[in-house]
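The structures considered in this document are given below.
Across the two complexes that follow, chain A remains constant while its partner is chain B and subsequently chain C.
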Partner chain A sequence: MVTHPSGRRLRARLGSFLQYVLVIAIVLVFSFPILWMLLMSFKTQVQNLAFPPVIIFTPTLENYQNAFVQNPFLKFSINSFVVAAGSTLLGLLVGAPMAYAVAHFKRQDMAFFILLARILPGISYLVPWFIIFNTLQLIGSYVALILTHLTVGLPIITWMLIGAFEDVPSELEDAALIDGCGVFATFRMIALPLTTPVMISASIIAFIFSWNNFLFSLIIAGPDTQPLPVAIFQFLSYMNINWGGLAAAATLVTTPTMIITLVAQRYIVSGFSLGAVKG
Partner chain B sequence: MEFKPPAMLPDLNDWMSTKASGTMNQSVVKVSPFSQFFRNSTRMVRTRNASFVAMMIPAVLIIILMMVFPVLFTAYISLHDWSAATVKSPQWVAFANYEQLLFSDARFHSAFLRTIYLTAIATGLETILGTALALLFHREFVGRGLWRTLLLLPMVTTPVAMSLIWLLILDPSAGVVNWGLRALGLPLGTWLNKTATVLPSLAMIDIWQWSPLVMIMVLAGLSMLPTEPFEAAAIDGATPWQTFWKITLPMLRPYIVIAVLFRLIDSLKTFDIIFATTQGGPGTASETLNLYAYTTAFTYFRLGYASAILVLFFALILAVSLVLIRLRREPW
Partner chain C sequence: MKTRLCVLLGLVLILGIIVACAPAPTATPIPPTAVPKATTAPTQAPPPTTVPTQVSQATAVPTKAAQPTIPPTQVPAAFNWKKYSGTTIRVLLANMGYVDYLKPKLSEFESLTGIKVTFENFVEDQLRQKLTIELAAGGTSVDVFGSMTIQEGLKYEKAGWYTPLEKYVEDKNLTNPDFDFADFSKGAIKISQVNGKLVGIPLYSDAGLFFYNKELLKKCGADVPKTFEALEAAAAKCHDPKNGVFGWVNRGKGAAATSVFSSFLYGMGGQWVDSSGKPTLNTPQAIKAFQYWGDMLSKYGPPGSENNSWPQALQFFSTNKAVFWAESGQVAATLLDPKQSQVVDKVGFAQIPGGQPYAYGWILSIPPSSKNKEAAWYFIQWATNKEHELAVLKNGVPASRNSAWNNPQFKANDPHPELTQEMIKALDTAMPYMNPPIIPVQEFRDAVGEVIVTAISGGNVKAAADKAQQDAVKLLAGQ
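And then the complex of A and B:
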């Protein structure tokens, strides 16, 4: 069979067109719940329950107003931010030196411990934590929340940084050591600057996982320190499903992580794929 | 331990590696080539190692307080009958909780099977779909970066929040999915509301959220594949189908297995989406081990029994992970 050259080119062009249609269709399917959430958040309860669904309507901001005025969503957002940022910073502060030391001692068995931390069901921490923080009178405090969320971020940060520190050329560190730098100075002046991109990746991922965490906050948070995921869950039961209100709340909860992803996509991808390449 | 004879200058790499391959043991450090040149080297190295150990202390303390102690406590309390609903202190019952769980607790057995079922569908489809997505998004097309980024969004959304949105989307009477099905003249789904469909529906939410993660990990693998085997295959006239099955897939295997490992561990532990949508219902139709442990601990306050569930649950995840790690290392 002889294919005419222009016919082949036409077929290739058709192929890449179909491929493009497929790409767009897939992205639409995966974005649909997010788009639908946005749409619902601008609708009234009547519009949300309309059947067939209304696509064209005059958007209302009432749901968002209710979230901030009738419910203390600003406070919940601040709680979420304090806990996620606090646990990420603390994770970096204790995790980076730990990772540096582990990389120095070349302890491969650390990998297994970090895997163990991932395997352990989070619920098994809850009862002992409750007892610890109850004894310390810290139940419902930011300190307790930050410490519990640290168990999410610390393994991620340590794991990613061990790999990064191992990749720092040892000549540089040796030179610093010979020049009389101590371990801490070498760590601060050589290792840290060279691993900044990995540190950013690890921090972003630790922040997102802490922001999204529900289970730990559900048990440890108090009424004043409730982060968003717990707050939105109670929103559901209070309101007897006010669809628009729920969608507005969900949008508020999940928008920050999506914006971070859109802005820092490079760091997120390298962070998540590091697990595949290094593991 | 092997050492090179002292050279004119200390071989730093050698020094680093001998020390590293040993432990913090001082005797290893004492005979390092460094000591041939610096009289104080032993003390220097010792101080240095002490600094490294000091750097680990804060993290180790946190790990002991927040992770090691809770785990040991859970294992210990699983050997007790302890109800937080009464003032009675924990009673030592040895392995009675485990006996009851393994031999007479039908609810535990169903929860176990549900956990396996949910994990199998979710992880299986995520792996296939994620790999397919990676192959598609590895190809060249306009705006690839943007499309890829948009595809990542489900992964970073808050699971509880999105689960509640799914609850509305999948609502049998007013949800948009059933409206779409009706418009197309297809039979309507019962989704999260019926025993038969609840687990596949939960799996679908998990697949929506986490297939992109598998995609990222496989994409990382694709970008690291060498080009020579593909050129050789092209020269030998292999069809795209043959190239995929005989070259691409085998070379991607380590990346896919790691993605499966991560997804498997997290799918077994799925909690947020179930708790936010069905709370284990209807009835106990979507009660997985994690949910059962949670209910036992925080609704019935049977802390000893819940701890025993968690220990068995942990053993299950560990066993599955170890099998998979072995699969990754060994040739097929």
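And then the complex of A and C:
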């Protein structure tokens, strides 16, 4: 060191240095599997099986080529997007008024029934669903997929919004009522604009959950509507696993949700804390 | 009161929405892309926009180019392949080498018969989930499905999901004379029968095989073992963990280990259940087999063997880290692929020492609920014909037809005659013992798996076997 800072400053510097080391260490731990997946997606099968693992290697794009050329990954991505976006929008359309009703009229018992959908294991719906959608000839259609994915997103949207609506100061709602607004107008003009950040974060979370959902898609989807999480397993075969292809496909599946999360991080965090503290 | 009324109203509303959506799906706020919905109903005509490449869901192979390659001489004049032209069948299969081969050829079947094929393939566990739900829920759209009789045969048979196929095989109007049912090997027929009924046509039949690394074996100066004792001695001699070489690798991960273990259990005179159907997991022979399996892995195997299944074992063996391995013969294809293995010219093949090789394989079946059984039977005949069985054998899949193994052209050009010879020998003696002949196969395997893990980690094998026996007895009593 050229300058000689006082002991206090040195300690402060050391403290912040340690802080950085700790942050980097924790980030490394959490991002390691993702890094490993990325590395695997650029390796050949032999390199992936090598032990000790190969760290320095010539990257190959063969796995990504396989994903796009041999498998219609673009089609699967569109399917995933349609289903996730559809179920999230429908979830908002139904969930927001529902959450407002629960918050406004203090009907917490009703909210419990919505939560039931998340408490029961998903597979218990599948047989009745299959019978219903089969009778309606909807198996393999987007409609059936979106409706089933509602059970994934709707409870999250509703419960996050209940908390948000409860936080809207009742004075504002009373003022709206005095100015001649009905309940629906109050909901639309007062409660909705005030809870937009929560709504965005709830939609993102619902979108991600639907994007990642596997079981419902496996049973309900047809060959033309198969979303990504089901398609990704095409790289597993009986007594043979294509690790590189699997990693490339996993990277492709993860990327959109990662980007969404990074861009919308602010909303997600504020959404989580908004319902937490009641004044 | 009010709450109950609300819940009731809500339910009615939801049902109403679903019913309202059905005839006109565009009524719901769904993006316009949803309009060309894919209906799986077999009766419905396929949408005119569907091109052949959309049939197979994962691999968009330029099928059109493959079409003109079918020589017209292959179509016997006597047999009418076009009889069911115009029907659409839905085929559900597990991912495997045979499927990779068959998928690009589907358009050949379509132009041969005029039958359209909707082909879906999944990882085996997912195929089981999907099939179980669809068939249990009374779905009628599955026309052909793949299954592994030693895993789910009894369960599917009891549920009535197999159409007996003897009638179809014998019917001259339905079966091409070239199909030649007698050509299927004895072992392959064994895995296609449940309770004496022919429930499917075998795609391939595989058997347990023994692999050794010639180079490592030479280095430590041991011979290829023929008995359990010799295997243990040779593994001990070659075990050199300091240099990263292990004498023996295999599965140790609980239930996953039971299939290969079965060869050792039967080889030591034990069995899963006795002739009266009672589990026999704590007999002296069974305990000896458990102890042997545990000792081999804990003494001469890589550390953490109780967490390993075949992919980990493959990793060790294919990277020159293990001397001996026993596994299903199909992994030979991976071991001999330079893109996936470093032991291509070092791997040797033999019979599992002192063991009784296990047989298993995938078969194609028709569920009784199918509305296109004849067209489905056409597909099965085509998928398992002589030409295809020979072609997959060249790709390293153990074919189920004798004509493929005995094909002079194959024999002359066989790059691995040693493997072929050992496979034929193993297939000849293999028995479908890989899993116990009971319905709750998975639960039984879980009970056995616990004993295996105990044995590897050096616990009390006798006590664990007694407990597994109790669990298994309870399990079967509940049936």
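Here, the second predicted complex is superposed on the first by the 238 of 279 C-alpha atoms of A that agree within 3 Å, B and C clash if a C-alpha of one lies under 4 Å from a C-alpha of the other, contacts with A are read in each partner's own complex, and residues count from 1 in each chain.
The rule is short, and it goes like this: a contact is a pair of C-beta atoms (placed from the backbone, for glycine too) under 8 Å apart; a residue touches a chain by one contact, two chains touch by 3 or more.
These numbers were taken from a predicted model, which means no experiment stands behind them.
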Superposed partners chain B and chain C on chain A - clash or fit: clash
Touching partner for A:D224 - first (chain B), second (chain C), both, neither: second
More chain A residues in contact [chain B versus chain C]: B
Which of chain B and chain C A:T58 touches, first, second, both or neither: neither
Chain B versus chain C as contact partner of A:A85, first or second or both or neither: second
First, second, both or neither for A:N71, with chain B first and chain C second: second
Chain B versus chain C as contact partner of A:V127, first or second or both or neither: both
Partner chain in contact with A:T151 - chain B first, chain C second, else both or neither: first
Partner chain in contact with A:G140 - chain B first, chain C second, else both or neither: second
Which superposed partner A:L49 touches (first chain B, second chain C, both, neither): both
First (chain B), second (chain C), both or neither touched by A:Q108: neither
Location of chain B clashes with chain C - one stretch out of 260-268, 278-286 or 314-322: 278-286
Footprint overlap on chain A, comparing chain B with chain C: 49, 51, 93, 126-127, 131-132, 147, 215, 219, 233, 236, 241
Touch list for chain A against partner chain B, complex: 16, 19-20, 22-24, 26-27, 30-31, 33-34, 36-37, 40, 48-49, 51-53, 93-95, 97-98, 100-102, 104-106, 115-129, 131-132, 147-148, 150-151, 154, 158, 170-171, 174, 177, 182-184, 187, 208, 211-212, 214-215, 219, 228-229, 232-233, 236, 241, 243, 246-247, 249-250, 253-254, 257-258, 260-262, 265, 268-269, 272-273, 275-277, 279
Residue numbers on chain B that touch chain A, as the complex places them: 12-13, 16, 20-21, 23-24, 48, 51-53, 55-56, 58-60, 62-63, 65-67, 69-71, 73-74, 77, 133, 136-137, 139, 141-142, 145, 147-162, 164-166, 168-169, 173-174, 176, 179, 183, 208, 211-213, 216-221, 224, 255, 258-259, 261-262, 265, 269, 271-272, 275-276, 290, 293-294, 297-298, 303, 306-307, 310-311, 313-314, 317-318, 321
Chain C partner contacts - residues on chain A that touch it in the complex: 44-46, 49-51, 69-72, 78, 82, 85-86, 89-90, 93, 109-110, 113, 126-127, 130-132, 134, 136-143, 146-147, 215, 218-219, 222-226, 230-231, 233-234, 236-241
Partner chain A, residues of chain C touching it in the complex: 3, 6-7, 10, 18-19, 21-22, 25, 28-31, 33-34, 37-41, 44, 54-61, 94-97, 99-100, 118-124, 126, 129-130, 133-134, 136-139, 141, 310-311, 314-316, 318-319, 321, 328, 330-331, 333-334, 339-342, 362
